[in-house]
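Shown below is the structure under consideration.
Chains here go by letter, A, B and C, matching the order in which they are written, and residues are numbered from 1 within each.
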Amino acid sequence: MRKSITIFGIVAASMIAATAQAGTLEDVKARGVLSCGVNNGLPGFSQPDEKNNWTGLDVDTCRAVAAAVLGDANKVSFKPLTAKERFTALQSGEVDILSRNTTWTQTRDTSLGLKYAGVNYYDGQGFLAHKALGVKSAKDLDGASVCIQAGTTTELNVADYFRLHGMKYSSVVFDTADQTREGFEAGRCDTLTSDQSQLYAIRSKMADPTSAVVLPEVISKEPLGPVVRQGDDAWFNIVRWTLFMQIEAEELGITSANVDDLKANTTNPGIKRILGTEDNAGERMGLSADWAYNAIKQVGNYGEMFDRNVGPATPLAIARGLNALWSNGGIQYAPPLR
Amino acid sequence: MNEFKPLPNLPPPVATAGVIGWLRANLFPSPFSALLTVLGIYFLYITLVPFLDWAVFSADWFGTDKSACISGGACWAFVTSRIDFFIYGFFPTSEVWRINICFALFVISFAPQFFDAFPYKKNLGIFSLTVFPAISYVLISGGWFGLVEVSTEKWGGLSLTLMLAYVGIVAALPFGVVLALGRRSQLPVIRTFCILFIEWWRGVPLISVLFMSSVMLPLFLPEGMNFDKLLRALIGIIMFQSAYMAEVVRGGLQAIPRGQHEAADALGLGYWKSMLLVILPQALKLVIPGIVNTFIALFKDTTLVLIIGLFEVLASVEAVVRGAQWRGLTFEGYVFVGLCFWVFCFGMSRYSQKLERKLNTGHKR
Amino acid sequence: MSERLNTPQVPKTAIWNDPTFRAIAIQVLASIAIIWFFWTIFDNTLTNMSSRGITTGFGFLNNTAGFGILMSLIDYDETYTYGRTFYVGLLNTLLVSFLAIVCATVIGFIIGVARLSKNWLISKMAAVYVESIRNVPLLLQIFFWNFAVIQPLLPSPKQSFALADMFFLNNRGAYLPKPHFDDRIWLVVIAIFAAIVAIVYVTKWARRRQESTGQPFHTFWAGLGILLGLPLATYFLSGVQVTVDYPALQGFNMRGGTEVIPELLSLTLALATYTASFIAEIVRAGIQGVSYGQTEAARALGLRHAYTLRLVVIPQAMRIIIPPLTGQYLNLMKNSSLATAIGYPDLVGVFMGTTLNQTGQAVEIVGMTMAVYLAISLIISAFMNWWNKHMALVER
């Protein structure tokens, strides 16, 4: 027995990637790779493409942080997580950032040992129903079976909604978004509920997209954003300000295409501050002066991320809506970067 | 004197020999049995015939997407067109030769075990348990000798399943033996610990163990210390199955007569020597079927890692049959994966039966 | 090792060669290592949890859950607590385990006996069943039954398979009529218990009579008669009012009656057919384990075939069968946790799934879940060990 313990000890010790105990920033720098928890398959937000590269808005959010911290947007290891695993994975240190269309709620913010670093997509929950049922409104859904993904706020919202309207329902929960869609398509449920952005993605993946309709009601507020562990303020600031910086960059008109030009030639003090040619925003967070330049050059500003992944030119074709800049009638608003 | 010439033997009655005799004895010995036979044949007729027609005769074998499947039978085109993905997962195409070398080594080190005449079986056995895993690890993970490093997230498909199963099997047996010896030890501390260890692992479901190892383990370790997700899942599977293995081996240890222990002691052998040279070889031989059943259970349990997001063969087939190109081929997909597992597990159980017959020298009735 | 502990000691050996000293030293070292190991884990966990601001403790069990569960054997809706979700999940686990154990035992015994049949075809078919089912992973079989058989084959509620407008089967589940009794039903319940007590006494009486007079008594048929007759008589005499709640299509789904969700069907099917393949092998080994001399001896005593089986072969075979059979039952119960893969709301799916995610208290919840499985395993194996001892051959 003693032998086996020794053997186990040796094996374990030799396999452990021992990193110094320090803040997440130091850990990430020492490791040279950012570990990012993403959805295991959600079009527009995080999905592996045919070459098995992860793409999507949530994925780009992580890539921007990697570019800001490590100077290379590709130094991210994406960990696909189910909804059920995500918080435990972040709490335990399995991932450095959880960027997995995760709704910001008071309970999660206060009791899970997590901090929401910002909102990269304002969403709301809706319903997708089989056209054959002839349902026009969510209020007609009394007695329906509802397909839901396990462990999400949608599970709670749908319970609230049906309770509020005095309707009955039965919830059929699945582990992954794909299984939920399959369940709905196979007729296991009358309706599928999820965030609006996902409903269109799900419908587009169906064998016959015209057989389902998105009902008009939006029954909840779903601010989605990157999450980090509580108690590491330096890391929290980096993630929060990388996102703010991208929003600010869009406002100032800095794009991945013109960033080199602007860095060399601009006279705008706001742009100079962001690109690190004036002031030292990066250093204040323990990053290099060109943190924002790297992120914008390699990933782009917020508008570019949005358009590339979920915008009108993509199969999802989602309008900016709430996610437009505050100056364009939306609510994406970054505090001043100075 | 007349030589006695017996008459030639009469042929046996037609009803008891030859095909008719066999049929009568084995299929229609009594009215009830005959009824069962007829029902059985009818059952086979209504299940096997349509199944064979579906799976073989009117199946489509080649094509690039589902539209190639028009004949109404099974659509195996997804297997032929995505076979690389099912075997290698996301492993970079340019590096796939490394896995192929491992497969070749695997075949080379195991195929001769089936031929009795092959002289270097023992050396080959040692090679396949020690050097082979080491070479494979270096080859597949890379990072040495100028090989490109391939992170474990890219491992997948059947090769991942086989890797998990192989390492699990190689590690679970010795660990289980140690636990079984510990459980029968005379030292109360060791014995209690082993009993608690074994009963704990046998009492909890593997899925909760995998959940713990995949997302909770960093909570138990000092901050900043972590190891690879694949390795953690592997350790979970090994611990789980070694507890079962320990119980199997304990059964064998209990069946060894006391005289064997006493004889070993009389020869002046110490504890480890008497165990390794006298008791264990006999005990393990007795429980070969149980050991192989545990191996098979371990092999099948590797599918559970898909729940924690590792891309073994079932997960990769799921991904394909749920994707846009091959949507709805769930039935074919599951039959294909089932066949993959069946080939390996059935092979193992047959090999164990052969081994059991060969090593059967005593003790057993 | 005790042999060496007890041997007379050779004088003047070095202390590290002294068996007693070695035994103590090894144990002390091992205890230190073990205690150190577990204390480190415990300490790390506490440190990590407090440094990351993770809520600890079991207070969350009293908070409102706020989510629905597909199937519950006890009253449950969104307004109940997280603690209640634990019981809902646990009962669902026990339900599916119980159903699957019953089915697996029946199928397993049939296949096991068929495997020994003198009929070549039947025995080969049983062998093919066993070899093909047990060599394929259970998770795959659960997926297969759910996603490739049950889901695609069952029709939508509007096109339900219906039997006499009372039983319905569609892709939302099976619907059966549900009887409601008035209060006098407890008389019937009492009658059932009374019948069980009566059967115990009749059995004892029959055995005494057979031992003293040699006359057998048809205990089985008498018992069946008591078990059915007494409650039925009570039922008719007490005049219990029965109202039956028939399921009917209303809106999207069937309403009323008893609902059996399709996930329960597919999970039960998968678990039962899978475990049956192992039980079949156990049964075969058990029957083959009874030496043929026993059968011949019974024949020599003039026992008929049925009596030979019932009185001689089966009791001895059961002695071999019971221990591994228990192991299979325990495996089945633990395997039922794979339910989470197809969305059946068992303990792992509900409590270690949704509840864990809504509260984030992984350590407490996973601990509780594992403790439940561990407790059930230990209770059943303790009971079976006791039973096994009770049944074991008493040798002279």
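The definition used in the following text is that a residue touches a chain if its C-beta (ideal position, glycine included) is under 8 Å from a C-beta of that chain, and two chains touch if they have at least 3 such contacts.
As the structure is a computational prediction, the values presented were derived from the model and not from experiment.
Student: Decide which interface, B-C or A-B, involves more C-beta pairs in contact, and give its chain pair.
Tutor: Most C-beta pairs in contact, of the two: B-C.
Student: Could you pull out the chain whose C-alpha mean position is farthest off from that of chain C?
Tutor: Chain A.
Student: Could you grab the centroid distance between chain A and chain B? Build each centroid from C-alpha atoms only and quote it in angstrom.
Tutor: 40
Student: Suppose each chain is reduced to the average of its Cα coordinates; what separation in Å results between chain B and chain C?
Tutor: Computed from C-alpha means, the inter-chain centre distance equals 26 Å.
Student: Name the residues of chain A that each touch 2 or more other chains.
Tutor: In chain A, 1, 88, 91-93, 175, 182 touch at least two other chains.
Student: Touching two or more other chains, which residues of chain C qualify?
Tutor: 26, 30, 48-49, 51, 147, 152, 340-341, 362
Student: Touching at least two other chains at once: which residues of chain B meet that condition?
Tutor: Residues 185, 190, 193, 211, 215-216, 218-219, 222-223, 307 of chain B touch two or more partner chains.
Student: For a test of understanding, state which residues of chain C touch chain B in their complex under the given definition.
Tutor: Of all residues in chain C, those touching chain B are 1-5, 23, 26-27, 30-31, 34, 40-41, 44-45, 47-49, 51, 117-122, 125, 131-132, 134-141, 143-144, 147-148, 152, 330, 334-335, 337-338, 340-341, 348, 352, 362-363, 366, 369-370, 373-374, 377-378.
Student: In their complex, what parts of chain C are in touch with chain A?
Tutor: Those in contact with chain A are residues 26, 29-30, 33, 37, 48-49, 51-55, 66-70, 78-79, 147, 151-152, 156, 171-172, 250-253, 255, 262, 340-341, 343, 345, 349, 353-354, 356-360, 362.
Student: What residues on chain B touch chain A, complex-wise?
Tutor: The contact residues of chain B facing chain A are 90, 151, 153-154, 175, 178-179, 181-182, 185, 190, 193-194, 211, 214-219, 222-229, 231, 307-309, 322, 324, 327-328.
Student: Could you please specify the touching residues of chain B with respect to chain C in the complex?
Tutor: 26-27, 29, 33, 36-37, 40-41, 43-44, 185-190, 193, 199-200, 202-208, 211-212, 215-216, 218-223, 261-262, 265, 271, 296, 300-304, 306-307, 314, 318, 330-331, 334, 337-338, 341-342, 345-346, 349
Student: Hey, which residues of chain A end up touching chain B in the complex?
Tutor: Answer in residue numbers: 1, 3-4, 12, 15-22, 27, 40, 52, 77-82, 85, 88-89, 91-94, 175, 178, 182, 205, 207.
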